[in-house]
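In what comes next, subunit A is part of two complexes: it sits with subunit B in the first one and with subunit C in the second one.
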Partner chain A sequence: MSAGSPRLGRYVLNGAAALSLGFILLPLIFVTWLSFFRQEIPSFPPEGYSLQWFAAAANNKSFIDGFVLSLQVGIVATLIGLVLGVPASLALARHRIPLGPGVSTLLLLPLVMPGIVLGTSTYVFQIEVELATEIPVMGSLGGLIAAHTLVVIPWVVRLVTASLAGFDRTIEEAAQNLGAGPITTFWRVTLPSIRPGIVAAALFGFVTSFGNLEMSLFLVGPGRTTLPIAILQYLEWKIDPTVAAASLIQIVLIGVAMIVTDRYVKLSRVV
Partner chain B sequence: MARLSISHLKKSYGDFIAVDDVDIAIADGEFLVLLGPSGCGKTTTLRMIAGFIPPTAGSITIGERDVTALPPWKRHCGLVFQSYALFPHMTVAQNVAFGLEMHKVPQAERGPRVAEALRLVRLTGFDDRYPRQLSGGQQQRVALARALAMQPQVLLLDEPLSNLDAKLRLEVRVEIRELQRKLGLTTIMVTHDQEEALTMADRLVVMEKGQVRQVGTQRELYEKPADRFVAGFIGRSAFLDGEVTAPGRFRTAGGLDMVCAAAAKPGPATLALRPERIAVGGEADGLPNRFTAKVEHASYLGALLDIQVALDEHDRMLLQIPNRPGLTEPQPDESITIGWAEDAGLVYPRGA
Partner chain C sequence: MSTAAPEAVAGARTNLAGLLVVPATLFVAFMLIGPLAILFRYSLNKFVPGQFMVDALVIENYVKFFTDAYYLNVLARTVRVAVLCTLACLILGFPLAYVLARTQSRFKNLLVIAVVLPLFVGNAVRAAGWMTAFGSRGALNASLMGMGLIDQPLEIMYTEVAVLIGIIAVNLPFMVLSLQSVIEGIPRNVEEAAFSLGANPAAMFRRVLWPLALPGILAGTILTFILAMNAYATPVLLGGPKFQMMGPLVYGQFAQQNNWPFGGAISFILMTATILLTVAAHFIVQRRNR
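After this line comes the complex of A and B, so read on.
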């Protein structure tokens, strides 16, 4: 082989990377472009540009209600996911738990399960619970939050476990040697050391919950729609760029959240 | 500062006995070093004193207080970890103040005490740095300041110098020792480094396989090692296996007879000789034990020459002779005369 082949290999690798990045970015670019089109039916080339669709999105009541609901569900589910997931990660990383690897896989499972399967099974489960206990679970806000917590937990377990793997436990011993009991040691030494993992987990958990469509479709009650569902419903009747504008607002919000988080915690180090 | 006493301390993990019936008493202000090869139980002993490992049996008393059942955070002993274990998310000052805060020292008192601790380790002005901004030696000193700031009853050092480079190690050795003397700190240090142990300790505890082999000063350990292990571990010894044939008489495995004041009870034994007690060449003239030995191997070590010799087919020993101007190392197969006095050797029964 000639000396040119390693260089060729690098061209192929860079090309593949550029192609993959293109696949990810191209829809975002088109959504952004489309949201500024003037005409109602998207067609190329655009007839002109306008900001009217942003105004339309901002004035759409079902979008606003959906946004508020998604925000509420996302925040609450993320908090519950952290409260459950952080102790679970600590227990899994530090103690010999019977069936530990099995439990760990189980907690990560919602991440790989197809959304439709997860949605169907949660739907059936909630109906069964309601039939058995006569508590109105199905279609309730609590039911929706519980289901969203399910998709937050894998992120918490994965990211917190990863930050615990590189954690030097002698600093906990140092704290105890200096007079700190177990609880103080946890709050003052353990938690600050795994904070990057927790912050990243909260961010990714929230984004997953906020964007969840498949599972929410099964679980929302009458008059209660999340933003992704509101967008889907809108698309059933109209294809004007309002949806593109609403999506762009979401993309910008999530992007800003990522950048702000990254300033405090280097996401590339934890994820 | 306080006395510390350990009595009948034992730790076993299933069938494995890590620490076996250790009895040590440390006086107020004394610097005691636990020395031994890795796996001898010295670190386990230190961690039991700090409270991180519950003993299987025995008790630990600090001052007048039995601390055996107390958790680590109630023992009030300052531990400097091998890895320093500084809190990475806190500044130097916050690290040092942590122990004061935990012991509910009033806010107004903390500042001066942190400053004083940092001054002692010569790190004044480093208050606002983070551990990652410090060199290994500086981190080590912060760890020391952190342990000292809370005015512990005993100071525990777990191989505190092993992560420093050789030159720095010599400096820090002296620094720690001076600080310990000045403050009158009751200190226990664990190390596997013999030279470090000898230069720093008031007294040493030699451990092997979970047991204390000997407790004593440097001179006691070197001149009167309690057993063959100590004789080989502290300083060097040349060993000859054989038997005591009668009081004052020793015969090697190869059948060489020698006079030896330490030989008492007849039976299988090992004769141990310190290298400086073995005379070589003309210096051996007139000594009661005088032999011709064949050089097998010689190495030049600068201040010393290491010479492996054979007295006969069975009896081999390692000599160390001081270098001096004009001395050339003996060549293999060369014959040299060696000799020693009647009171030079120590005898340890074998198979006992």
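After this line comes the complex of A and C, so read on.
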């Protein structure tokens, strides 16, 4: 980069970047490697390779149940989060709202709240609600979904308002000059241009919910465990290729979802 | 949704806009502020062994935390780990963020996915990767012993080093993404202008890139600091039961001790410490920007 040795500078920079990227990916590489081991004990070098642990993971009831529950909670929480968050973002980005900055800070707050504190406070809140109404909220699916919706909303508000901020409103005016009514303008001009933001919000909201550990830890009931908690509990007991295989399946599913999403919305633009 | 159409009647617009923001606001207020208020109230209650929680209005739970060397040690260790991890993330993250922001490569999206993917697979899975590497017969020890560099396996599992490595790897993508988005907004010309005026790379970085990237540095630092302060899975799995940090401490008070008042108090101490340190960083940077 410097005048004297531009090439050397570039090599050093790229080398440092590659090192960091490797560091980020290293744990995933080890998990992938371990899932193909033949022996059960994670000792190196492996005695051989086998695919048997994928069958073991697919037959592990707590992983399967956890996966199904995480999927359900993630999808429902994301949908509710979009229904609540997209109109709120439109209002915040477009209109003068009393206490506007305060409202948008409040909506973004769950994102920076410590997960553990969200977990403990939601836990005592659900206990109080259950005591007051005698509705069994604690450990229920509804209680878990409500809590997850709380961490989806900030992603929706953040990504949708960001995509509205870069939006050129003269396009809307042009549409209206050409005779489009407010409804047509919204559906044919506004919505298509914020669609990347909405898709990104759905992806990030879902993944935040799917991977949530700290908060869910307090809210799951007996016999109802999300996948991250099932994996954590298994790892507290032991590490073996079965849990690695379950993790690898999860990595592959999320990776495919991201590459598919990337075809519609460039991830490098929305993150 | 059509009610959000931008060119509604001027008078009706504010009303409708107000309505649109209300459901989400009510939901978050109800699900976030309400619970925090109840938790704070709990933290002022008394815990009587055998009787569980007894209604009271005392600060003894907070006093207990700040007068017991054990708990103060856990807080100090948590802050130390969080500060070290945040600094390491900034140093490791900047070159990667810069290369990602400036690259013309066709594979840029793939590189971004490689940074984002680990974020999405969960902390427990990534801790599992490090457990594979750090065990006494794990990849690191096996290769070091295979090369004849050491006779005895290094004890890395269940140490602060293992936890530091784990949390840095977990938080690094957040830092990289925060920095990358800001660096992408800095025109290349500014850097070239600095070079053509005779700045060397170090001076260009210090006088041009760093000040312009400051908002991203701040955002990334705050985010990684909050996450490190509140880490749970990484210290539990890589630090073991003896390596206590604030997150596992809070969970233990609720799940194992059933001491909700003290657990609530520790939650608030953790949250307050995080917010105070974050706000302090924010003010320092804002003043500098002025």
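Definition applied: the second predicted complex is superposed on the first by the 238 of 271 C-alpha atoms of A that agree within 3 Å, B and C clash if a C-alpha of one lies under 4 Å from a C-alpha of the other, contacts with A are read in each partner's own complex, and residues count from 1 in each chain.
We take it that a residue touches a chain if its C-beta (ideal position, glycine included) is under 8 Å from a C-beta of that chain, and two chains touch if they have at least 3 such contacts.
The structure presented is a predicted model; accordingly, all values stated were derived computationally and were not measured.
Colleague: Please work out whether A:D262 is in contact with subunit B alone, subunit C alone, both, or neither, and reply first, second, both or neither.
Modeller: So A:D262 only meets subunit C here.
Colleague: Please indicate which partner A:P110 is in contact with in the superposed arrangement: first for subunit B, second for subunit C, both, or neither.
Modeller: In the superposition, A:P110 contacts subunit C only.
Colleague: Let me test your reading of the model: by the given contact rule, A:Q176 touches which partner, first (subunit B), second (subunit C), both or neither?
Modeller: In the superposition, A:Q176 contacts both subunit B and subunit C.
Colleague: When both complexes are superposed, which of subunit B and subunit C contacts more residues belonging to subunit A?
Modeller: C
Colleague: Applying the document's definition of touch, where does A:V243 land relative to subunit B and subunit C: first, second, both, or neither?
Modeller: A:V243 sits against subunit C, while subunit B stays out of touch.
Colleague: Could you tell me if A:G85 is touching subunit B, subunit C, both of them or neither one (first, second, both, neither)?
Modeller: second
Colleague: Would you check which partner chain A:D168 touches, where first means subunit B only, second means subunit C only, and both and neither mean what they say?
Modeller: first
Colleague: With both complexes superposed on chain A, which partner does A:G142 reach: first (subunit B), second (subunit C), both or neither?
Modeller: Neither partner.
Colleague: Please indicate which partner A:P192 is in contact with in the superposed arrangement: first for subunit B, second for subunit C, both, or neither.
Modeller: After superposition on chain A, A:P192 lies in contact with subunit B alone.
Colleague: Once the two structures are fitted together, what part of subunit A is touched by subunit B and by subunit C alike?
Modeller: Common interface on subunit A, subunit B vs subunit C: 176.
Colleague: Under the definition above, what is the set of subunit B residues touching subunit A in their complex?
Modeller: 50-52, 71-79, 81, 83, 85-89, 98-99, 102-103, 146-147, 150
Colleague: Which positions of subunit A touch subunit B when the two form their complex?
Modeller: 168, 170-171, 173-181, 184, 188-189, 192-193, 195
Colleague: How about subunit A: which of its residues touch subunit C in the complex?
Modeller: So the residues of subunit A in touch with subunit C come to 1-3, 9, 13-14, 16-17, 19-21, 23-31, 33-34, 41-45, 84-88, 90-92, 94-98, 103, 106-107, 109-110, 112-125, 128, 146-147, 149-150, 153, 157, 169, 172, 176, 182-183, 185-187, 190-191, 207, 210-211, 213-214, 217-218, 228, 231-232, 235-236, 239, 243-244, 247, 250-251, 254-255, 258-259, 262, 266-268, 271.
Colleague: Show which residues of subunit C lie in contact with subunit A when the two form their complex.
Modeller: Its residues touching subunit A are 1-2, 4-8, 13-14, 17-18, 20-21, 23-25, 27-29, 31-36, 38-39, 42, 92-93, 95-96, 98-100, 108-109, 111-133, 135, 137-139, 141-143, 146, 168-169, 172-173, 176-177, 180-181, 195, 200-201, 222-223, 226, 229-230, 232-233, 236-237, 246-247, 250-251, 254-255, 260, 263-264, 267-268, 270-271, 274, 278.
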